[in-house]
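Chain IDs A, B, C and D follow the sequence of writing; residue 1 opens each chain.
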Amino acid sequence: MITLTPAPFDPAETLSAFKARAEGAGAIVSFTGLVRAESAYGPVSNLHLQAYSPMTETGIRTAHDRAMASWSLTAAAIIHRTGTMTPGDPIVFVATAAHHRRAAFEAADFLMDYLKTEAVFWKKETRVSGETVWIEPRAEDYTDSARWAETKG
Amino acid sequence: MITLTPAPFDPAETLSAFKARAEGAGAIVSFTGLVRAESAYGPVSNLHLQAYSPMTETGIRTAHDRAMASWSLTAAAIIHRTGTMTPGDPIVFVATAAHHRRAAFEAADFLMDYLKTEAVFWKKETRVSGETVWIEPRAEDYTDSARWAETKG
Amino acid sequence: MSRPPRILYFGKLTDVTGHTKETEQLPDTITDTNALRQWADSLHGNTGAFLEATIRIAIDSEIVPEPSPLSGATEIAFMPPVGGG
Amino acid sequence: MSRPPRILYFGKLTDVTGHTKETEQLPDTITDTNALRQWADSLHGNTGAFLEATIRIAIDSEIVPEPSPLSGATEIAFMPPVGGG
């Protein structure tokens, strides 16, 4: 299940719905990403995310399908915000369900690496100072994502 | 926050409470373990867990404190059931909050490895056939737990 | 005659243009990605922002090698580097 | 005189004894872990279950090397191997 939404969402409600759908799984991992109050450059006022439909969804769908196949998941869900968010707001939620915990952990980690590095989003940070900056990819993120290229086809 | 409870709990409610407590974190990982309907030996009727207080809590507290220190977590929560559960019931819930996702993932993984291998629990499986078996430690679980000995002091 | 394509701007180019969708119609004389970049740049202050190699062009949701012809395109997007969510 | 210690049984030993807490009082003559194992085994059908090396003994919530004296113990637990939750 993949959702790209300009509206706020509640990670706990999402986990509850996912758990109902993951009937029969032994392990459920969830990841929630929240807007941080401090970036590397100082206090953050808001974060604005642009997506390009359907390219963004297509990319996420490909990562989702790869995770389902690579780790034999019984279910997976991805929710990603677009639009303007303030510190503390959920940006992204990923849940994975599997028979065993190792698969659920690795698949959630893989999906998050994809979403944080390769997913088609543009991100503008507005600082408390009033300055706005479009965030460029970080070298650290590419390193995380590259981990999977070595271990999974 | 460590809770050992003979009463059922709701992972989604727990995540909601944890998120409120993890104010300021950028990443929250949760793990929910559920009683599986099938074990290696066939269909499961129920699972009974014994703990030995306060030894069980002390061990979990030690793992919790080690995780907080090793990964600079902003918060961590562990809930573990005792008593009798049926398939689909949550057995264990772990949540970790950190500034960055790598720390939250690794710490949750570490805590689950501890809980599934070294934690002081005794587990009796009652099968649909009527047979009851006290589950002995699995070699696979020891391998998972040993991963951390190499990388973290 | 086919309708002229929609032109979309993402990321920092949104700030350069002031909008995510071009309000000007693409002239018939602009037939490939090179000419498109020059046209967009001159339309928006000649800053060179549209000429940067890190900006990729997608035609109908597919990033294309350049130069590529624009014929038959329904939607053309200027895409700065994507950095994830 | 101190009160005799509580004796607790966990895991598969719960099934052997039928309870998690010993209802019989530990005699004064049982002064170390070896004697305790023999006493528990004879009390519960002489199956050898209490003599197994994989069963560890905890005194006041600390697993002890064996043999260990029981003097001063408030609580003694027979612990089969723990397998996590």
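As a convention for this text, a contact is a pair of C-beta atoms (placed from the backbone, for glycine too) under 8 Å apart; a residue touches a chain by one contact, two chains touch by 3 or more.
Being a predicted model, the structure only gives us computed values, none of them experimental.
**Student:** Suppose chain centres are the mean of their C-alpha atoms. Which chain sits farthest from chain B?
**Tutor:** Relative to chain B, the chain with the farthest C-alpha centre is C.
**Student:** With chain centres defined as C-alpha means, what is the inter-centre distance between chain A and chain C in Å?
**Tutor:** Computed from C-alpha means, the inter-chain centre distance equals 28 Å.
**Student:** Provide the C-alpha centroid distance between chain A and chain D, rounded to the nearest whole angstrom.
**Tutor:** 51
**Student:** What whole-Å value do you get for the distance between chain C and chain D if each is reduced to the mean of its CA atoms?
**Tutor:** 78
**Student:** Check each residue of chain A and list the ones that touch at least two other chains.
**Tutor:** 33, 116
**Student:** Where in chain C do residues touch two or more of the other chains?
**Tutor:** Not one residue in chain C touches at least two other chains.
**Student:** What are the touching chain pairs in this one?
**Tutor:** Final set of chain pairs in contact is A-B, A-C, B-D.
**Student:** For a test of understanding, state which residues of chain C touch chain A in their complex under the given definition.
**Tutor:** These residues of chain C touch chain A: 8, 10-12, 14-15, 20, 58, 61, 77, 79-85.
**Student:** Within their complex, state which residues of chain B touch chain A.
**Tutor:** 10-13, 15-16, 19, 23-37, 88, 99, 101-102, 104-105, 108-109, 112, 116, 144
**Student:** What part of chain A is in contact with chain C in the complex they form?
**Tutor:** By the definition above, chain A touches chain C via 33, 49-50, 52, 54-55, 58, 80-81, 91-92, 114-124, 132, 134-138, 141.
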